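I've put the structures underneath this note.
Shared between the two complexes below is chain A, which has chain B as its partner in the first and chain C in the second.
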Partner chain A sequence: MFKKFILSCFILFLFTNTGICRTDYDYVNISNPFLKKIPIAIPVFKAMYETEIENQIATEGANLLSDTLEFTGYFKILNREGFLEDIRKIGTTGQNIHFQNWISVGAEMLVTGLLSVKDENSLELELRLFDTLKVNDNDKLLIGKRYSGGKNDLRKMIHRFCSEILFLLTKSYGYFDTKMAFISTASGKKEVYMCDFDGQNIEQITRNNSITISPSWSSDGAWIAYTSYYKGKPDIYILNLKEKRVTNVTEKGSNLSPAWFPGRFALAASMSFSGDSEIYLLTGTGKIIKKLTNNLGVDVSPSFSPDGKKIAFVSDRAGGPQIYIFDLSSENTERLTFQGKYNTSPNWSPKGDKIAYSGIDNGEMNIYVIGSDGKGLTQLTSSQGKNEYPSWSPDGSLIAFNSTREGISRIYVMTAYGTDQRRLLTMPGEQTSPSWSPRVGD
Partner chain B sequence: MREVTYEHIYLFSQAPDMRSWSATFVLSAICHIALFALCFFINNYWQSSSNNILPGVIDVTLISMPGSPGGKTPVKPEPKSELPVEKPMDKPKIEEPKTVEQPKQPEVKKTEPVIIEKPKVQPEHKKLPTPPPDAVSLAPKKEPPKPPVKDVQEKTQPKDDSLDKKALDDAIAKLQKKVTGSRPQALNNAIAKLKRQVSETGEGEGEGTGGIGNGSGGGRLADRMDLYKLQIAYEIQKNWAFSEHIAGSSSELEVRIVIKIMPDGKIGDVWFDKKSGNTYLDDSAYRAVMKSILPSLPEEYTKQFLNLGLSFTPSGLK
Partner chain C sequence: MFKRVLISVLLVMVVFGLMFTAACKKKVEPPAPPAQQEATKDASAADDAAKKAAEEEAAKRRALEEAEAAKRAAREAFMNEDINFDFDKSALREDATEILKKKAAFLKDNADVNVMIEGHCDERGTAEYNIALGEKRAKSAKNFLVDSGVDAGRLNTVSYGKEKPLDEGKTEEAWAKNRRAHFVIQ
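Showing the complex of A and B:
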């Protein structure tokens, strides 16, 4: 018994003693970060043999890396002119770099690259991400990767590395291998186009020579469904991107606004063959599975929740267009939006917690985000033209939309908080209805 | 011995013997009370015997400070904005000599300028038959300690100036924006008021590198320390880069870091008192501390170091 007493006393003493130490100092509260982004230094890569082509790729690669990281909205890319150290001279590994030189230009992170082009087509690229402020030298290297491939793979290599960086920070690989489908009048008529997530590599997809609208990606990235007036009235077309094969859904009346079921070869769309426009569930080949909504009034623009259990859609059952949520299992419908008289084009976030939409309030059309429970309404754009058709990036960090802020309608991208709004691409004609592809992976 | 070990285990696992368990519980309760009482007395004794140590959380003080204490304290907080850019030249010196080759001291100094002006000469991979001076140009980098240090300094100093200006302009612009913006307003107000007080009482003087100078007799230690902590908070906040966007929703998060500040302002030690559970927030706070160059401790502060807790609570964006 006595032993037990001693033992308990001893253990208690250990605990309480640390307690005393903990409260031994005063606390200063710091609540407002001065910078909202991570300052990162990306010097021009080091070229192994310094041939002309290597030097060119070294600059090109570093610039692409900077642009890609800047695109995320997470980083502040530091100006190279201020750098105190030239990694092309001292080398790209941790032993060679004097991190104090990078800390003093404000860099919390540093990316170095070493590349070699051995023959015409082989490119080897080593990329390293350092945390300049880690005390222990061995902890400074956060990511180190070597990529080898052809010269044309530079973009892919850089994007892969950016994915790694993003994963390290956010536990999500980002969207660097994704594409964006959109509608453009570049050819004179509204057609579906496609480009990389950053607006590069634009290609025309449809050539219907007619009005084509509302492109939507299947969740495996292999199919795009859209609406076209090719046959004089709106019909749904389902396109296999690889095989360039098109199926169409030509029920009587208007067949509009297709949206893919997550993880299934099925889609929801608005059809009016019964005389009233309702939302139906279709197979991927266009056969009707069942009628979902049943209500007088127009029901259009479905968007699935990521778990496939609910659909957000637009209905004018209460007068003006508002957003409603339909529960597929209980078949209940609840109204989501109450502010403003005109709310359309809902797009459910990949995380499932939010829905972005465009709404008119005070005579302006803007992008809003609302919780899928109806709480936390946030306006993301304001006083800058007409903003519509929001589409989430597959990681939920960015939203693409189209806006007339610079005159004609163009595609813009912003963070999910509405910051860092910028134009995605410049091309002839008007661009609308961006639709961000899922991560296709490879 | 063996018995004791088993009983020890019972303390933490389910004890089958209820009597011994409840006895332990009672004992532990008694010990708790005794220890708390002890702590209380020790703490009281400590506070009364040592110099008047400040009231706990300075957050409140940041805003209400100018009104409350005697406030005859000389401050010049602004010059600090120049600091982070200036000092860091010290460390490269240490790291430089790592890769040592052959010593060729006398020639090295002559060739230094050559290296700087010929960025094309790439030593590491091109083993071309270049003329002697170029070959030598390899050397300075891999020389024994002293010459290379100069090399670095020569290279960096001029750039440093331009950078300084740029960074400064940048910083000032940002500061102004920030200051007129939301949160630091309070801080800025406090600083402005303090300044006014200083100019009114005419006591401000002598301040080295952003540290607190020794004003005349007026300032008590408590005021000094409040001010000092305000400076620290400001300096670290200035270096804190944190994006809620990356952290996800972080409104409820808090990370507590304790720093041990040596008399010259150097940070002797850093540790986490409480992590937030969000690695990115923890890292960002840690980086902010490591980037910061802190003013030296006030002279009136006689202890060998100051342990100061920093509580980072991002509350910014929507």
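Showing the complex of A and C:
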């Protein structure tokens, strides 16, 4: 799909005063950006020639844009039924729009789209984001882009535009080109699957016909490491996604929970060939570089800090499982979690300031976030089944996890503050262990 | 002179008599037992022996079967009797060590048997932590058997963590059953 796709985008309008958004007000509240959502109107796009295919894409595109912006947690998508004017009749540019009509329905922002399908395979799409509340009409247009490509590139065009919007609001391009790896029993056995960030385009990755767990992405998105009982015991497999090439680590004992080193072709993993599970640093081809922990008992589930200087991991050295932080340069280990007797599956936030994990307290398993300095412990899920395996989106705004809140285990997404919890996808079998890919780009 | 003749006569008589006695003796010799009677006696003795042998054979077979059954039962008991653990623990409980003592005895009686000890956990907690915990459980069992005199080379371990529960239930009872070490003869 990507190969035949040549996407060009042009900046239609230059911003003469890009500082406006910062000087006037912040769109996104830093302390909890998901509390007050930005009301945004996304009317059905205008079709240039109003052919059947154009009209279909006009609705499909506007709906996808709505779903994608809603997914971020920053927006409240306004119901189209209440809209006072029809941009398909009046036009999609600032000169045509009567902003008062949009302010009246509560829209602080407005997205308009104009598209044309000239022949079977060519799609042109103009998208504009307006701030309806700006005093000066010339300041109202925040982003204007024109995309041209094939008809099948609609999804990609919409995601590109959403990235622009997110960058304007948060200074981060988001995750609209990312994927999610996870474990599903859809085939009868636990296997690695993959889907787009929004749960679309599900694809089975492994066919081991045995227990497969712990998928983990390399920071360039080219490799997935996982654990499988393919040879009858837990071993680590390192898969090159493009070349479908697999390397394995089959030392004696259990070879578990691989985690990639940020920016390097190396990983940390738990191995028990010495008779006791310890965390080791391995090359991307599975050769041992160094033993990191030295403790009698369980040491598993490493997760690197984004700068690659520290590793959060799980150890039972104090009795039950707790999360510890190992400093790679000083080789010191410090205990991070003290609340609750059972804390596992740490996942370091992309900004480096927080660690999400799952903990059992009062018989419930929930997702928690704690500062990497041990401060600011926050519980994100509560009284809704078993919740585990938190995985941050690459911009740090969302957390994917699995939950049994609707019976069998499925994958859910919530904001980093615990709001907007929703199911990511529905498919046969049980889904667990989501792992959010880095931004892969193209 | 007369005396001499008399003695001679007497001697002759004695000789005669002796001769006669010898002949008589020959005559009164008891008849040899009839051949048929002898054969019958021999056959019944053989019968008895065969019967005895058959009985012995059957007894032996029975004993062997019983021994085989006992062996099978011991083998099955060895395979079927799991040891259980407390939540998030790999230390051996007293009931577990009692079972392990029987297993050690079985392994000493069956020197050709190699064993895979599987460590299992209940469904709580992550798959990864539970695999590591299950491995500790399998190794606790192995160490006990080694300490009881079983050659370590005969004992292998593997952990399945929470991946192969005996009971899919979400109750404390199901969890207790699932926290186990299981023994498989290889």
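In the analysis below, the second predicted complex is superposed on the first by the 407 of 442 C-alpha atoms of A that agree within 3 Å, B and C clash if a C-alpha of one lies under 4 Å from a C-alpha of the other, contacts with A are read in each partner's own complex, and residues count from 1 in each chain.
Everything that follows uses one rule, which is that contacts are C-beta pairs under 8 Å (C-beta built on N, C-alpha and C of every residue); 3 or more make two chains touch, one makes a residue touch a chain.
As the structure is a prediction and not an experimental result, all values here were calculated from the model.
Of the two partner chains placed around the shared chain by superposition, neither chain B nor chain C is touched by A:A356. By the touch criterion defined above, A:K36 lies against chain B but remains apart from chain C after alignment on the C-alpha atoms of chain A. Contacts of A:S345 after superposition on the shared chain: chain C is touched, whereas chain B is not. Considering which of chain B and chain C touches more of chain A, the answer is B. Looking at the shared chain after the overlay, A:G275 reaches chain C, while chain B stays out of its contact range. Looking at the shared chain after the overlay, A:V298 reaches chain C, while chain B stays out of its contact range. In the superposition on chain A, A:Y389 contacts chain C only, with no contact to chain B.
Within chain A, not a single residue is touched by chain B in the first complex and by chain C in the second. Chain A meets chain B in the complex at residues 1, 3-5, 7-9, 11-13, 16, 20, 22, 24-39, 48-50, 73-74, 76, 79, 81-86, 88-91, 95, 98, 100-101, 103-106, 108, 131, 133, 135, 169-170, 378, 397, 415-417, 419. Those residues of chain C lying in contact with chain A across their complex are 88, 124-129, 131-133, 135-136, 139, 158-160, 163. Residues 190, 211, 213-214, 227, 229, 232-234, 253-254, 256-257, 270, 272, 275, 277, 297-301, 314, 316, 320-321, 342, 344-345, 358, 360, 365, 388-389, 432-433 of chain A are the ones that touch chain C when the two sit in their complex. Residues of chain B touching chain A in their complex: 3-4, 7-8, 11, 20, 23-24, 27-28, 31-32, 35-36, 39, 54, 56-59, 62, 84-85, 87-92, 95-96, 98-99, 119-120, 122-126, 141, 152, 155-156, 159-160, 162-163, 166-167, 174, 178, 182-184, 229, 232-233, 236-246, 248, 256, 258, 273, 280, 283-288, 290-291, 307-318.
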